[in-house]
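As written, the chain order gives the labels A, B, C and D, with residue 1 at the start of each chain.
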Amino acid sequence: MTPLQIVFLIVTVATLISAVMVVSARRMLHAALWLILSLLGIAVLFVTLETSFFAIVQVMVYVGAIAILIVFAVMLTRRDIQDRDKVTNRGAWAAALAALGVAGGLVGALTGWQAFASIRPELAADSAAEGTRIAQLGMALVSPDAYAIPFEVASVLLIGALIGAIYVAGERK
Amino acid sequence: MIPLSWYLIFAALLFAVGLYGVMARRNSVGILMGIELMLNAVNVNLIAFWRYLYPDRLDGQVFVAVVLVAAAAEAVVGLALIISAYRRHKTVVADEMTLLKG
Amino acid sequence: MLDHWLYIGLFFFVAMLLPGAAIFIASILAPKKPNPIKSSPYECGIETVGESRIQFKAQYYIYALVFLIFEVEAVFLFPWAAAYNQLTLFMVVEGLIFVLILVGGLLYAWKKGALEWR
Amino acid sequence: MPNFWSDPVGFLIQWLTNLLTGLGLSPELVKFLLAFLGAALLPLMAMLFVVFLIWYERKLYARMQDRFGPNRLGPWGIFQTFADMGKIFTKEIITPAGVDLIPFNLAPILAVGAVLLVWAVMPLAPRIVGVDLSVGLIFVIAAGGFGELAIMLAGWGSNNKYALLGGFRAVALLLSYEVPMVIAMLIPAMLAGSLNLVEIVASQDVPYLLLAPVAALIFFITQVAESGRAPFDLVEAESELVAGYNTEYSGLKFGMFYVAEFLHAFTSSMLFVTLFLGGYRGPFANEFPLLGLVYLMVKTFIVYFVTILFRGALPRFRIDQMLDLNWKVLTPLILAMVFVTALVDKIVVQAGGPLLVRTIVLFVVNMLIFWFSSKLLQRNVRPPRRKVSVQRPLATANVTPSASQGQDNLSA
């Protein structure tokens, strides 16, 4: 086993454990903290996939913003079921079965696929430097023959979310 | 070197955990957290596919960025809805929001 | 690149270890004489009233929300900025349209009074 | 073997590698050990540096208030901080009832760690940098996120109303000021065409302060706010919130928040220098990296001095004023700056303008926008409060007290 594989295993196990804690923690705030931990684990996985940009973005957006938003929402809607009530609803067993089925089914379906065990290829020389790759991404995002439309649509989606959320959450007299 | 399968299995497990959270949690904020986990599993897959199968193409990365936007939009609007519902019905339990049942 | 991240990982470890170790040393050196009054939550010298984890208004959430939208926007703009020297004027304008759409969102929030502290 | 004067770190690495492989260690292990050594030295030095910073700031702050400041221990009181350290290490660490133990204990550690992380990517001198990360600029932003997390954990974990309220306010404030900060960081990235801090410094043939003065100003303000110093120290507004999120912390756990604040103020000054003042650049810095380190420190201390002047001279803002300043002045202004800088710079470059022309054009445009926006602000600012025309009568001892007269006085 190479050191990278050991790191990978430790990180994935930690991430999965914290993900399980996210869905089973009794207090919502603790669930949010576990969520942060598992998101950090995923950022480390992005590092092992040699894309520091997305690793950092993962930390910046998920840990720095979405997790904080979730913590805010938890604190705004507490007083409710945090400590006393059951965590799960009646269908928990069915949900667990379904989740196991999905996991088993996905892994089973994937093992039959020929690229399943493929080995990582080396990056092409010109894109080996991370800086160049980020610039390529930035270029592709705005060049009309690449992803200019998704780029603008993303901004429309964001503004839609902003307006909708302000409209919904804003306090009315 | 890590083979692609490790990432895929990890992502499948994470997705399943998120799915369980979505289906079993009573608290709607918890449901949203489950959705975040699922979206992250998708992102791990996308980046892994990009790195292993198409390292010279940008589609995977752009896709991840778009998923990021979708996740952000989903979190923002979803949590706003939960807060709004909480303000009216004083509950965040998804089963108790029975407005549509009449 | 993995070497870089090895360094950052170790750095992260040390950066957490240093304050942790300092606190650990201090907790050995420091006296420990707890009593119920001392360990009650502080409330300006009077007795604690009610539950401490009180509830908050939605205004905090709205700031966090606008922040999140702009943060995600910045994530898209940083690659654009990194590629800036190779972009044509048209591409630059396209990035600016992206910003402009979000400025519309900011203006909406402003007009709606969502940015007021109430 | 690299020369010590032109590449000190490379020299040391080479020397240590030779030494350790000579002892029979495997090259992989040596590499790991050296990385660990480098990763350990930099935060350790930063932490020790804080000791000096606290003395420097207290001394300067005292001078602004016409006091001496620390002056007992050693020459100019320079050992005062060590005495304080001795005191704070032996203070009882109280853990109040009902705290959430993991967040409560994690928060001070995370607060310091978040600031220290920034040092990992900060270019200190030519060829002296923790790690030459290609995404160093956004790494800094991500590290800042941990600081917000720490404050939130502290506020939540403390089981105290004031702490929770203070933590909430602080996080709302830090999040808000992060918006113009992040967008202001776009401008150096754009001008340098890179997210790598080393490359950003290397490309500053003209300091970006001249190319983007308004962005620099906004970045400076947001950095002061992010480090939670006066006039933006609502994070721990003691007159309203007891002490904000660190109300329940005592002993060295409180000390860690204190250290984090000082270190953050200094680190953000350094970041400002790196992004806008050319970092370590200066005459002969490239030949003698240690000279570059000196330049960086001198520039950083100048910027740090200005933040202390801010702290000493300005009263604390109210929270609504601070949020208004952020959302209604800084954010629109910095968005306008991104627009103008991107367009003007591209047009000038495409027209083939040399660096001098670019600088002059951008500087003039910046100044125009600044002038225009300040005019706009003056128009929309609240009118000065009306003066009370009649002077209130003073209470005097010889006036015979009567009810009617008293009422007259009140109505006048």
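Here is the rule we go by: a residue touches a chain if its C-beta (ideal position, glycine included) is under 8 Å from a C-beta of that chain, and two chains touch if they have at least 3 such contacts.
These figures come from a predicted structure and were not determined experimentally.
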(message) As a test of understanding: of all chains, whose mean C-alpha position lies farthest from that of chain C?
(response) B
(request) Count the C-beta pairs in contact for A-D and for A-B, then report the pair with the higher count. (result) A-B
(message) Per-chain Cα mean versus the mean over all protein Cα atoms: which chain has them closest together?
(response) C
(request) Determine the centre-to-centre distance between chain A and chain D, using the mean Cα coordinates as centres, and give it in whole Å. (result) 30
(request) Take the average of all CA coordinates in chain B, do the same for chain D, and state the distance between these two points in whole angstrom. (result) 34
(request) Could you grab the centroid distance between chain A and chain B? Build each centroid from C-alpha atoms only and quote it in angstrom. (result) 7
(request) Return the distance between the CA-based centres of chain A and chain C, expressed in whole Å. (result) 18
(request) Would you mind listing the residues of chain C that make contact with two or more other chains? (result) 1, 4, 53, 56, 58, 60-61, 64-69, 71-72, 75-76, 78, 81-84, 86-87, 92, 95
(message) At least two partner chains per residue is the criterion; list those residues in chain D.
(response) 133-134, 138-139, 156, 168, 171, 175, 193-195
(request) Mind pulling the residue numbers of chain A that touch at least two other chains? (result) 4, 48, 50, 52-53, 57, 60-61, 64-66, 68-69, 72-73, 75-76, 130-131, 134-137, 141, 154, 158, 161-162, 165-166, 169
(message) Once the touch criterion is applied, which pairs of chains come out as touching?
(response) A-B, A-C, A-D, B-C, C-D
(message) Show me the residue ranges of chain D that touch chain C in the complex, using the header's touch definition.
(response) 31-32, 35-36, 38-40, 42-44, 47, 88-98, 105, 108-113, 116-117, 120, 130-134, 137-139, 156, 158-162, 164-165, 168, 171-172, 175-176, 178-179, 182-183, 186, 189-191, 193-195, 242, 247-248, 251-253, 255-256, 259, 319-320, 323-324, 327-328, 331-332, 335, 338-339, 342-343, 346-347, 350
(request) Give every residue of chain C touching chain D within the complex, in rising order. (result) 1, 3-4, 6-8, 10-16, 18-20, 22-23, 25-27, 29-34, 36, 38-44, 52-54, 56, 60, 63-64, 66-67, 70-71, 74, 77-78, 81-87, 89, 92-93, 95-96, 99-100, 103, 106, 110, 115-117
(request) Give every residue of chain A touching chain D within the complex, in rising order. (result) 29, 33, 36, 52-53, 56-57, 59-60, 63-65, 67-68, 71, 75, 129-131, 134-135
(request) Mind listing the chain A positions that touch chain C in their complex? (result) 4, 47-48, 50, 52-53, 55, 57, 60-61, 64-66, 68-69, 72-73, 75-76, 78-79, 130-131, 134-139, 141-144, 148, 151-152, 154-156, 158-159, 161-163, 165-167, 169-171
(request) Within their complex, state which residues of chain C touch chain A. (result) 1-2, 4-5, 53, 55-62, 64-69, 71-73, 75-76, 78-84, 86-87, 90-92, 94-95, 97-98, 101-102, 104-105, 108-109, 112-114, 118
